[in-house]
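Take a look at the structures listed below.
Next, two complexes with chain A in common: one pairs it with chain B, the other with chain C.
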Partner chain A sequence: MSQIVSGAPAAQSRPARPRLSWEVALRLGLLLIVIALAIVFTLTAPGFLSPQNLENNERQMAVIGILAIGETFVIITAGIDLSVGSMLGFSGILMALALSHGIAIPLALGAVLVIATLLGLFNGLLIDTAALPPFIVTLGMLGILRGFTQIFGNGQQIGFGNSAFTDFAADNFLGIPQLFWMLVIIALLAAYLLHLTRRGRHVFAIGSNLEGARRAGINVRGVTLFVYAISGLLAGIAGLLLTARQAQGDPNAGTGYELDAIAAAVLGGASLFGARGSILGTFLGVLLVQILTNGLNLLNFDPQVARIVEGALLIAFVYMDHWRKRRLATA
Partner chain B sequence: MEKTAATAIPVLAARDVSKRFGNVIALQHIDFELYPGEIVAVIGDNGAGKSTLIKILAGTLAPDSGTLLMRGKPVSFASPRDARAAGIETVYQDLALAPDLDVPANLFLGRELRRPGLLGLLDVLDVPAMRARAAAHLDALGVKIKSVDQSVDTLSGGQRQSVAVSRSVFWGRDVVIMDEPTAALSVAQSALVLNLIKRVRDAGTPVVLISHNLPQVFEAADRMIVLRHGSRVGTLDPKVATMEEAVSLMTGALTAPAAGS
Partner chain C sequence: MTDRNGTFNRAGFIGLGSALGALSVSGGSLVASAASAAEKSLTDLKFVFIVKTVNSDYWQTCIAGGKAAQAQLGLKGLQFTGANSEANIQGQIALVEDALAKKPDFLVLAPTSANALDATIDKVYKAGIKTILIDSSANTESFDAFLATDNHAGGMLAAKTLAEAIKKKTGAAAGQVAYVTFLSGVGSLTQRDQGFLDGIKAYPQITVVGHQDAGGDQSQKPIGVVSDLLTRFPKLAGVFADNLYTLEGAATAFRENHADPKKISLVGFDPSTKLVADLKAGAVDGIILQDPYQMGFGGVMYGIVAAAGINVPKFLNTGVTAATPDNANSSLTQALLNPMTQRHFGFS
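Then we have the complex of A and B:
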């Protein structure tokens, strides 16, 4: 056998560290920022640590967190779902209408979630089969669903006076709001699906190399439909929870939430280029967005300041990710 | 594994295969055969029909006429998936790896192992088993990578191609087709991959090698099939033939078929 080769691989191989350290640094950095912010607000913002404020944060975080978890699945495939905020509003108004017409909770709940899942599937179908850009499909859906939400709600809040439904959002379990428990359960299920299963591995694979995944025999259509259906379903759940919490259907509910969901996922390490992201990271991202919004609020900043900071952070993180990707490509 | 070409049945063969695209004749009445334990190179100038032949063997294209045989039995492939199911794996020059995933994830891409028992029913990946099998497989093929936990995009070009080649052997027990496996690689990295290809052959999987690089073909191949204008114009033994002979066959300066094996 020829000997030309010996030594070449060792000489050419770069250390295994870069990727791992990047991921760990990102996660740790995020955790440090969250802790630092919490400390700053504890010291400066009156009532930041009050039980009332913590519970409010936990409830609000549950809604955004569930949206962001669905968004994480989509972003890892290198897709995007801009329709989550409208999907949330649409599901909420449907639920409020159903309850106000006296439909039983389980039936209404099941029907709304089936509809949200089917709408998510429809997003996925257009993206996979018609090969349309996810950005366009879900932007269109953002408009369509918001339009229907306004029409169904007739532009007004819809009350339904069903205490069993609203109690769920108001009650605590083991001293923690039930809404937050919902987030925890969904996060655990999502982490299992995304990080432990074969299906989850395929989500990463098609985000890394769509054509390669197809050639390797991965059911690309199935995975694409799966992630958009998950995103639709979770947006539906978030819509139900927000409606329960507000004790009414609000046709404007969820407006602009796509920014929160995408920002939380991206701050948590999900890459818009695909194949990167985690449920834990997204959870930390949601925590960051929530603490930031709440802290600035308590400090009497204009509520819009939080959105400005959030938008700027989103752009900065995507820029950093772009830089990482380019450095790898040229290395 | 003795190579007695006189008696051996080709693992993969094409008989009288033709293919045209509109008015362009890509292949006319081509015979092709791959025997057990050999690396056969398909060489020819641009447009000679190399890639058409390879696509037919890999199931990407269907021939207009002629038959494909695996171990003497006629087969037909409607898709690359069929060819893969028959035991033919193809390594394309544009890598089909997932760069963000680690080495075991790539070796098992689309064919991941599940845990036994209940966890398997829950679709749970068997990460330790895949890791161990991937490491053992790369070891057996002599592919040296610092750690299989590296994502593929942190590997050198040659290592990446080695992973792609290793993956094809991992699954393609019968035939591996390599389409320009060294096209994008430096000299040292090419040598790494060529050496791996020889080890693949020595481990019992015959290889079809398509390459523009004649010195590499002479270095690695056991037999060379020369195509020109869609016809097979000769078969060369790299141990006997010279580079000049090969070039003149490819360009048509020499028309007489040279000595085979």
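Then we have the complex of A and C:
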């Protein structure tokens, strides 16, 4: 891996042609698998195409989707953010506490998102300035935030009687759940940021070759802070949405979701070695897992089957990726 | 755990608690005839109280029961603690090892695992520390008493409650039902599910058509899997959820799927503030209530008696009660729902 990229430092911010087309092929392949699955389930699974079931799927994928988008930014820099599940729980508990104390929604919402962003920034600061491995920093933060979440929640679920907030998660806009609209809007903004701006290109550059990027004059600290702040902010948003959906803050909410988010991003083509990944891919990754789970449930498969298939798909996708890389390396 | 129903019933147990309470008020010293504790006054007794995790309403209620017993008798509780999650077996083993080092007179423990804790429990018991297990069993005989919900009986009660709710709505105890488990492979949940399946056999016109597993997730997945059950079986007459998180997820799924509460019933284990509101509003038809407060309170009381050298009954079923919209305001239901405020002295 490092041999390939260090051999071509000039091409970092703009991947070479063959790589791009293979990536397109993989995304296209993923899209085809999603479509094929949807067709199979439409034909075999009772109720799969019903409006209510589509709504259920849209609601169900929103939270993990938003987490996975933040994770994608981080993974492309060759980093990882294990704290997103805890950040989700932490934001949710803060929001529930604020609302239960009668604080107005806009104020509570703003404050929680600022805190989540700052905590993300703090992750980035430790990783860049203290030069600590992302895995360790965010693993530490996973524990710290979950601990605070439990303390603030006093180990209990926190209800709040604010129906305006919970209605947001229950209501539809133009026949589509507002939760899903949030995912779509965030995905579009993220895709613009990542794929169409200079900042976005720098995210890829850092993941491709950190030292090279530094020498090329890229503000590595700025970009590192940026991706972890985005991840923190999006985990915060996901936490607010889940809290609204559950109509209560749950100190255990989001436990283990970081792994679901990472799996979705990797299924969507993000490489844990950095420099590769896309918002569309991640979206498709989340969609694939959701459709698969839903379809197998509707077909009355043993609930464990979906987990087995997801795991196998994840390994298969990464294997195809590595197979391609080995071929490039030996060519 | 078929033998849980035996030896000692609820009323008798409460009588024991009252007797001990009276003892503490009148004398302040422990049963004089008990040789092993003759020199020790009641207030000198030390104990450690370890639940699975401190991070839940259920265990907080259990701890509150233990603390009530401690406060009432003026005991030295060394520590009330638990691991950071119900999955953290090693964390709980470490807590028990620490407790052993403190040489308490008795230990009250809710074992996180039926096998992994066995060796540690053996060590405690052999060290002469009276060992009271609560809530969940362990595969060892090294304990003095075991106080727990009979989960199989709880599942059967859930089946009956669900069948009655269906009958009330549709005129007949008939139709399709499904159940959702929080996590496959957990002993207490398996017993509840089996109890439900056994209980539903009494209603030949009810068929269990599907089941789902929330994979141990406490927030999103329960909603998803119950939604999928509702999609898969549009004529579903009832759902049984085997713990708090699946019941909450089911209630949310019913709302999101616009399930008609006049046609479909929902019964499950364990209450929360939100679920009780749902119960009163008719969105939930039954909540199977355990008595974690009694487990905590009774665990400490049994510990005292055992530490005094008196043989205690080995098994106590702390009981299950079905809260329904009809009895939601009864004094028993209220006491079980609000153990912190309604039962200051541990006796309902």
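What we mean here is this: the second predicted complex is superposed on the first by the 281 of 331 C-alpha atoms of A that agree within 3 Å, B and C clash if a C-alpha of one lies under 4 Å from a C-alpha of the other, contacts with A are read in each partner's own complex, and residues count from 1 in each chain.
In this section, a contact is a pair of C-beta atoms (placed from the backbone, for glycine too) under 8 Å apart; a residue touches a chain by one contact, two chains touch by 3 or more.
Fair warning: this is a prediction, and the values are worked out from it, not measured in the lab.
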Task = Could you look at A:Ile218 and tell me whether it touches chain B, chain C, both or neither (first, second, both, neither)?
result = first
Task = Based on the superposed arrangement, let me know which partner A:Gly256 touches: chain B (first), chain C (second), both, or neither?
result = second
Inquiry  = Quick check on the superposed pair: does A:Asn172 touch chain B, chain C, both, or neither? Answer first, second, both or neither.
reply    = neither
Key: First (chain B), second (chain C), both or neither touched by A:Thr44   = neither
Inquiry  = Output check: A:Gln156 vs chain B and chain C. Expected answer is one of first, second, both, neither. What do you get?
reply    = second
Query = Touching A:Pro303 in the superposition: chain B (first), chain C (second), both, neither?
reply = second
Task = Answer with first, second, both or neither: which of chain B and chain C does A:Asn209 touch in the superposed model?
result = first
Remark   = In the complex, the residues of chain C that touch chain A are 53-57, 59-60, 84-85, 184, 210-213, 215, 217-220, 223-225, 227-229, 231-232, 234, 248, 252, 255-258, 272-274
Note = In their shared complex, chain B is touched by residues of chain A numbered 1-2, 4-5, 8-16, 18-19, 196-199, 201-202, 204-205, 207-209, 211-213, 215-218, 274-276, 328
Task = Over in the complex, which chain B residues touch chain A? Could you list them?
result = 80-81, 84, 92, 95-101, 105, 109-112, 114, 122-125, 143-147, 149-151, 153-156, 158-159, 162, 188-189, 191-192, 195, 198-199, 219
Query = Across the complex, what residues on chain A touch chain C?
reply = 45-48, 50, 52-53, 55-56, 59-60, 63-64, 146-147, 150, 153-157, 159, 170, 242, 245-248, 250-257, 293-294, 297-298, 300, 303-304, 307
